[in-house]
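Labels run A, B, C, D and E following the written order; every chain starts at residue 1.
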Amino acid sequence: MTDLAHPPARKSGAFGKIVLRWVLYILLGLFALYYLMPLFVMVTTSLKSLEEIRTGSLVALPREVTFDAWKTAWSGACTGIQCEGLRPYFWNSVLLAVPAVALSTFIGALNGYVVAQWRFPGANIIFSLMLFGCFIPFQVVLLPMARLLGLMGIAGTIPGLIFVHVIYGIGFTTLFFRNYYVSIPSELTKAAKVDGAGFFRIFWSIFLPLSLPIIVVTVIWQFTQIWNDFLFGVSFSQAGTQPVTVALNNIVNSTTGVKEYNVDMAAAIIAAAPTLLVYIVAGKYFIRGLTAGSVKG
Amino acid sequence: MTKWLETHLPKMVLAPSFIAVLVFVYGFIAWTAWVSLTRSRLLPRYEIEGFIQYKRLFAAPRWDTAMNNLFIFGALFIIIAMVLGLLLAILLDQKIRTEGVIRTIYLYPMALSMIVTGTAWKWILNPGLGIEATVQGWGFEGFSFDWLVDPDMAIYTIVIAAVWQSSGFVMALFLAGLRSVDEEIIKAAQVDGIPTWRIYSAIIIPSMGPIFMSAFIVLAHLAIKSFDLVIALTGGGPGYATDLPATYMYAMAFSRGDIGQAASSAMIMMLVVFAIVVPYLYSELRAKND
Amino acid sequence: EPQAEVLHWWTSGGEAKAVAVLQEEFASKGGTWTDMPVAGGGGDAAMTALRARVLAGNAPTAVQLKGPAIQEWYEEGVLADISSVADANGWAEVLPESIANHMKCEGTWCAAPVNVHRIDWIWANAEVLEANGITMPTTWEEFNAAAEKLQAAGVIPLAHGGQAWQDATVFEAVALGILGPEGFRKAFVDLDADTLTSDGMVAVFDQMRKMRSYVDDNFSGRDWNLATAMVMNGEAAFQIMGDWAKGEFLAAGKVPGEDFLCQSTPGDGFLYNVDSFAMFNVDGDDKKAGQDLLAELIVGQNFQKVFNLNKGSIPARVDVALDEFDSCAHTSAEDMNASAANGSLLPSYAHGMALRGAQAGAITDVVTAHFNSDISSADAVQMLAEAVANSM
Amino acid sequence: MAPILEIQNLYKNYGPVEILKDINIAIEPGDFLVLVGPSGCGKSTLLNCIAGLEPISGGRLMIGGADMTDVSPKDRDIAMVFQSYALYPTMSVAKNITFGMKVRGVDQETQTRKLQEVASQLQIEQLLNRRPGQLSGGQRQRVAMGRALVRDPKLFLFDEPLSNLDAKLRVEMRSEIKKLHQTLGATMVYVTHDQIEAMTLATKIVVLKGGVIQQIGSPSEIYNRPANLFVADFMGSPAMNLIPAKARADGAGARIEIARSSGTPLVLIDEHAPALPEDVILGLRPEDIAEAGFRAGADVQDASCLIDMVEPAGADTYVVSELGGKPVTARLHSETVATPGEMLNLSIDMSKVSYFAPDSGQRLN
Amino acid sequence: MAPILEIQNLYKNYGPVEILKDINIAIEPGDFLVLVGPSGCGKSTLLNCIAGLEPISGGRLMIGGADMTDVSPKDRDIAMVFQSYALYPTMSVAKNITFGMKVRGVDQETQTRKLQEVASQLQIEQLLNRRPGQLSGGQRQRVAMGRALVRDPKLFLFDEPLSNLDAKLRVEMRSEIKKLHQTLGATMVYVTHDQIEAMTLATKIVVLKGGVIQQIGSPSEIYNRPANLFVADFMGSPAMNLIPAKARADGAGARIEIARSSGTPLVLIDEHAPALPEDVILGLRPEDIAEAGFRAGADVQDASCLIDMVEPAGADTYVVSELGGKPVTARLHSETVATPGEMLNLSIDMSKVSYFAPDSGQRLN
C-alpha cells in the first residue's frame, strides 16, 4: 500500500535524474565531437593514398584504406638525406623530455611549496617575478641564450636543451604548485613541524603525496611543451641531437617539393603518441578529495 | 650555523630558481631592450642609435593590425577557453563513467603539433572543402561559414582553433582544482539545500581563486605567444589580417633579418603583458595575504 | 679526411633525393657528411637555427643560403672564402654573370650555386584551354581576355593560394610583364623611389586587382600544391608559380605539353631563384677540406645535372647537357641564356634574391594587403613607397 | 500521525565492512531523538544516510512519508550540523549563515533579521565578518550551528554540535536548542557524547553499538531500565555498578547474595524481583548507594562495606568498595568522612536494581 | 627546580587584534597545567605560541630554561594534539602515528612496539591501516592523540583531545593521560572544556578570558576560592550562585542580608567574614545549599525559601528559588520531595561562602 501511495514522487525524482544524466552525456559527447573533428580529418587523410587526396574531397572518408602513409611516416619519410622517418628522432626527444619534465616539475613543486607554505617577506614578489618570466617571448631569448649555451659549452647538446627547457619551465611549474598548495591547510605543516619533520621531510612526506592531481597537470603541461617544442629544439640542437618535432617539421614543411599530406598527418599523430600516452597514464591520478577529513574547518 | 641554515632554508631553495629567472628572463629582457635601441639586422649589434626601431614599429600598419588582433584574440581566447575549460571540468566531475576516455579526448589537441593540425583546421574551415561545403552538401544551400577567407572574420577562426587546442588543458587544471576541494564542504552545501550549480558557482569556484590564476597565466601566455597556430592556419592572412605580435616579431627577427625591429616589438609586447598581469597579480596575491 | 655538417631545408621526397646525390658523391670522395636538415617557412627555420649556432660559436660547415643574405652574412664576418676552389674550377666561365655575382662577396667567392628556379611560369591545363578555345597568353591583355572567357564558362581562371609569398610571386610576374625588365630592376633591385610610385606601378596593382577577381573565393591560406591540383583536375585553368609546380604535375603522372602546359608569364625577362651553399668559418682542417670538396662537387657537372633532374629546376652552369630534361626545362634553359645575354636575367624579389629580407618583406606586406582588401592602386603605390622607406 | 522519519531495515557498508546493520527507527513530528554510542559505532554514518550524503546499501528511508532513497540531499528539506563543521572557507561567517537563505530566495530583510537573531543566540555577533580560518574551534562550531538554525526544515540533524564549547556556553546552547525544539516543534536527530545533553534534550534515545541498535526508549527508560549490560554500562557517569551475584527465590521476591572480600557474603532481599536464574548480574547506579541514614524508603537496605578508595570530585565524593569481586562506586555527599581501609555503612536502594543475564547480557526484570 | 616552561609578558596579535595580553605562566617539571576559558579566549593560540607555530608579538617564552623565541617547533621537543586533528591525509593511521618517530630516527622495532602500545591504549588497533578519511570523528581524535603519545617530549600540549569521545571512553582516556603524567612524569599543558577533566587532571589551572589570565591556581583553589566573579561563574556546573547582598560588621564576623521575594530578608551570620563593604555579592555553590537536616556543621545555617522550579536530573534534583533577586540553584538529593510554589527549608554552608565586590568583581575574602 505505502508503495503505491508514493511512486510518483520517487519516479519523478529518478526520472529527472536520468534525464539530467542523459543531457550531461549528450553535452559531453557534443564537445567530444568538436575536439575530435580535426583528428577525424587527420586520420582519414592519413589513410588515403596521395592520388585520392589530390582528386577527392579532403574531408571525406577514404574510399580505400591504406596504411602506407603510416609506415612511411614512421620509417620511410625523408627528413633530410636520410629517409628513415621519425623513428631515429624519437629517442632524442625522450632523452630530452623525460629529464627536463622531471627536473622542472620537481623544482616547481619545491618552489611552490616554499612560496605557499613557508612564506617569508618578499616571497610574493619573487613569485610574481618568476611568473612574469612566463611571458617572455622565446624568440627574444633565442639569441642571447645561444650565446650563453656556447659559453657554457653545452650548445647543440641534449643537456643544453634540457637546461633551456628547465629554465623556462620553472615559471609555470612554480605557478601550478604554488596555487595548489595555498589551499592546503597550514595545520598539516604545523603538525609535521611539531612531529619534528624539517623542511624537506614535510615536503616529501606530506605535500608530495597530496599533490597527485597537480603533478599530473604539471607533467602534462611540461611534457607537452617540451615534447612539442620546435623553436628551442631547432635552434639549440645540431645534427644528431634534433628532437622529433624538427623531424616532423622536416617531413611536413617542404616549400618546393611534393606535399604528401597523408604522410604528414600520420607523422603528426605518431609524433604525438608519447604525449597522448602521458595523458592516459597520468590521467589515472586525477584523484578526488585527498585532503578530505584531515582537518576540521 | 645550522640554525641559520634552517631558518633560511626556504629562501635558499628558492634562490637558484630566482637567480636563473633574473639572468635568463630579466637579463635577457634588458638585453632585448638594449638591442631594440640599435640597428641590428641579421645578428645583434650593440651601438645605440636611439628610438628608431620604435618609430619604424609604430609607422608599420602591420603592427597596428597585430596589436588590434592581439586584443581581440587575447580577450576572446582567454575568456572562452576559461569558461569552456571550467564547464568541461565541472561536467567531467559528475562521476562520469567514461571520464578517462573523455578527458583524453578533450586533452589530446594539446599533444598534436600545430604545424599539421593547422592544415586540418584549414581544410575544415575552408568554405570550399570543410564545414560549409559539407553542410551545403546536406542540402542546406544557404549555409555559409567563410570566416577563414574573410579578412574581418579570420581572426575568429584563430580563436576557434586556439580554444580547441588549449581548453582541454584548462579543463585539466580546473579538474585538479575541483578535486582538491574538501568533500565535506560540498556535502554541507547539499544539505543546506544549495542547487548544484550554486555549489559550484558560490562555494567551489571561489575557493579555486589560485587555480584561476594559473589558468589565466597559462592562457595569457598562450595568447601572447600564439605563433605556430597562426602560421599553420592562416599564415597571418588573408593579407596580414590575422597577424599577431608574436608572428610579427618572428617574421622580423628571422625571416627578414631585422632583429632591432623584432626587439622593439618584443619590448612593446612585454609592456602590454606587464600592464595587464601586474595589477592582476597584485590583487590576487594581496587578497591571499590577509 | 673532409668533413661537412650541412644545414639545408631540402627535406621532402624529391628534394631530399637530390641532396642525397651530393652526399653520395661527397662520401665517394672520402668525405663524411653530417646532415642537418631544417625545413619550414622557406628556410626561415633554418636561418633561425643558423643564427643560434653562429652565436653559440658552433656554426655548421656549409649552409644553404641565397640572395643578398649571403652578402649580409659575409658582412657579419662569418663566411669563409672559397675563391681557390672557384678559380681552380673556372666558375666564372660556366656561370651566367648575374648569378655569379650573387656568389661573390667583395670580389671573393663565398658561395656555390646549385640550381636555377624560374619563378615567372604560368601553368595551364591543356584540356581546359582547348575546350574553351584558348591559347597560352603572351600579354596580360590576352590573359585577361582568356580569364574572362573562362570565368563565363564557369572555370576558375587562376588557381592561387592566398599566402603572402604566393601573392608576391604573382605580383612580381605581373610587375615584370608590365614594367619590363628594366623597370623591374629599378623597382625591385634598386628600390628606385620614382619607379615605385610610377604610373607603371599603378598599372601593376590594377592588374593585381584584376587577378584577384580571377581567383575563387576560397583561396585564402591554400597551399600552392592544392592550387596546382586544381589546375590538374580542371577546376582551374592557370597557375602562376615557380617551376617546382612541375613536380606536382609529374608526380601525378601528367605529361608536359600534353596534359599541362608551361610557359613564361606574359612579358620579357626571366626571374630566377638560385639556391646556393655558403661556407662558414670553421676550425679544423678536415672541415675546411670538406668545404672545398663540397664547393667543388656542387658546381660539378654531374651534380648539377642529377640534382636538377630531381628538383625540377635547371642547372646553374650553362654547360650541362640537357638531354634528359623535359621540355619545360629546355624552355627555361634557353630563356635563361637569352636573358643573360640581353640583360633581362633578373633576381626574384618574392623569393629573396633581389633584396634584403626587411625590404622584400615590406613590399610583400603591401602587396598582400592590397590583394586581400579593396585598397585602391594609387593608395597601394603610396603605401609601397612608405613601407620601403620605413624598412631601411 | 505519520512518522516524520522512518528507517526500515537500513544497512550500510563501506566496501566489505558493514557499518550499520538492520536499523529500524521511527520518529514522530516533534520528536527529539538522541543517538548515543561509543566512538565509531556509526552515528555520523547514520546521519549521513538520513541526509542522503551516503547511499544506503539496503533497506528504506522515508521522510515525511515519502521514500527518500533516490532523493538528493538538497530536496530532503533537512538541516545538518557536521561533526567536522564543513564551513564554506571563502565566505564570511555572515555569508556562511545566510547563504542557504539567499539561495532559497528569502528576502534580504528576513535574512538580516534571522542572522541577527541566530548570531546573538550563538554569541557570535562580533565575528560576522571573519572568515572561518580566523575562528577558534568553538567559534567555528557555533557558525556551523548557525547555518542550520536559520533554516526551517522538516528535520534537523546535529552531529555533536556542542563538543567544543565550554561548559557554560554549552548549557546556554543546549537550552537554545531545547527552546527551538519546543517553540518551533521542530524534529531533531542529535548525536552527542554528553550524557546530560542526551538526558535533558531527548524525548527518545537510541543506543547504538557496532552499527546495531541496542535500545530505543525515553531517557528515563534508558537510564533506569537499560535493556542490556552494554546500555547499562554505557549510560551514566560514573557507570552503573554491575555486580555478579547469586539469586534464590525467596517468597514473592528474591534473595540476592553478593560475595564480599571480607568473606561473608552480603545478602539483599528484593521483594519485587521476577523469577531469576541462579547467576545474575546486579546493576546498581552509584547514586543509588548512599551513606546509611541519608536515604529512606521501604526498599533501602543497609550494607557495611570496606572502603578501598575515596575520590572527592567537587560536589560529590565517590567511594569505591569491592563487591562481588568488582569495584563498586557509590556517590556520597562531599561532606562524607570516609577513609580508605575502614568500614562504612552504605544503604542500597533495591527498588532501583536491574538484573541481567550474565551470558546474553539481556535485562531480566 | 627551574620551571620547564616559562612564559613572560607574552603578547600575541593577529593584525590589529590583540588575542593574548601579558600572559605570565611558569610550569615546573611534572606539572599538569590545564587551560580553561570561554570559546575564543585564546587557548589554542597560546598552545600554538608555546609550540612555536605562531610567532609571538611580544614577551618571552622559555622551555627548559632556554629562550625559545627563535627556535623552530621541531627543536622545541614538544608533542601536540591539535584541536582540528590535522592528520596527514595520505598516510595510514599507523604511519600517522609513527611519522614523528621515523623522522627522529627511532629504530623500527621501537616504532612497532610503541605503535602497538599506543594503539591498544587508544583502542584503535583495528584501524591502523585506514586513512584518516575513513575514520569517525572520535577515531580521528584518538589517532591525533596517538601521534603525541608515542613521543617522549619535554612537554605535551593537548588541545581538547577528548572532546569527540563518548563518556566511557573519555574516562578511560583521561586515566591513560593521568597515568602517562604520573609514570613518565611528563609535563603537560592541556586545554579542555570538561570541568571534571580539568578538576581531576590538573595540578594547576589557568583561567583565561579574552586573552587575559583571570586566575592561576590548583583545582581546589579555583573551585573553592575563585579570584573573581568571572571565574566563580565560569567554573562549576551548575554555576555558583552569585547573590547580591548587604553586609554589616557583626562582632568578629559579618551579618549578611539577602532580599527575598517574600519581603523579609534572609539574614545569615558569617563569623569568619573579613571586613566587607556594604554591597557585596555572595557566592554559593549549589552543592553548599542542602535540604535542612542533611548537612551538619557549625557554619550551616537554615533558610526557608520559596521553591520556583524543580529539575530532576538523574542522580540529583536541582531546586531553584529566588534570593537577592536572582534565581538560586540548590543541588538536592534525587529523593527530595520539593514542589514548586511551596516553601522548603534549606541549609546553607557559610564556611564555603565567597564574597565579591560588585563593581570590580574581585574576591573579598
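Methods note: contacts are C-beta pairs under 8 Å (C-beta built on N, C-alpha and C of every residue); 3 or more make two chains touch, one makes a residue touch a chain.
Molecules present, by chain and UniProt name: A, B = Sugar ABC transporter permease; D, E = Sugar ABC transporter ATP-binding protein.
Predicted model only: the values in this text are computed from it and were never measured.
A.B. asks: Chain by chain, through touching neighbours only, how many steps does the shortest route from subunit C to subunit D take?
C.D. replies: Minimal hop count between subunit C and subunit D: 2.
A.B. asks: Counting C-beta pairs in contact, which comes out ahead: B-C or A-B?
C.D. replies: Spelling it out, more C-beta pairs touch across A-B than across the other pair.
A.B. asks: I'd like to verify one number: the distance from the centre of subunit C to the centre of subunit E, where each centre is the average of its C-alpha atoms, in whole angstrom.
C.D. replies: Roughly 94 Å separates the two chain centres.
A.B. asks: Starting from the mean Cα coordinates of subunit A and subunit C, work out the distance between those two points in Å.
C.D. replies: 39
A.B. asks: As a quick test, compute the distance in whole Å between the mean CA positions of subunit A and subunit D.
C.D. replies: Centres of subunit A and subunit D (C-alpha means) sit 55 Å apart.
A.B. asks: Please set out, as single numbers or ranges, the residues of subunit B touching at least two other chains.
C.D. replies: Residues 6, 43, 115, 119, 129, 182, 184, 207, 250, 253-254 of subunit B each touch two or more of the other chains.
A.B. asks: Pull out every residue in subunit C that's touching 2 or more other chains.
C.D. replies: 40-41, 45, 48, 51, 55, 223
A.B. asks: Could you check subunit A for residues that touch two or more other chains and list them?
C.D. replies: Touching at least two other chains: 142-143, 145, 198, 230, 249, 252-253, 289-293, 296-297.
A.B. asks: Sort out for me which residues of subunit A touch subunit C in the complex.
C.D. replies: 50-51, 54-55, 78-83, 142-143, 145-147, 149-150, 155-156, 230-231, 234-240, 242, 246, 249-260
A.B. asks: Could you list, by residue number, the parts of subunit B that touch subunit A in their complex?
C.D. replies: Listed in rising order, the residues are 6, 9-11, 13-14, 17-18, 20-22, 24-29, 31-32, 43-44, 88, 91-92, 94, 96, 99-100, 102-113, 115-117, 119-121, 123-124, 129-130, 133-134, 164, 168-169, 172-173, 175-177, 179-184, 207-208, 210-211, 213-214, 217-218, 220-221, 224-225, 228, 246, 249-250, 253-254, 259, 262-263, 266, 269-270, 273-274, 277-278, 281, 285, 288-289.
A.B. asks: If you look only at subunit E, which of its residues touch subunit A in the complex?
C.D. replies: Those residues of subunit E that touch subunit A are 48, 51-53, 72-74, 78-80, 82-91, 99-100, 103-104, 132-133, 135, 140, 147, 151.
A.B. asks: For a test of understanding, state which residues of subunit B touch subunit C in their complex under the given definition.
C.D. replies: Residue list for subunit B touching subunit C: 41-43, 56, 59-62, 115, 119, 122, 126-129, 146, 148-149, 151, 154, 231, 233-241, 250-258, 261.
A.B. asks: Which bits of subunit D are touching subunit E when the two form their complex?
C.D. replies: Contacts found on subunit D: 14, 36-40, 42-45, 83-84, 127, 134-139, 141-142, 159-160, 163-171, 193-196, 199-200, 223, 233-234, 236-239, 285-287, 290, 294-297, 313-316, 331, 333-335.
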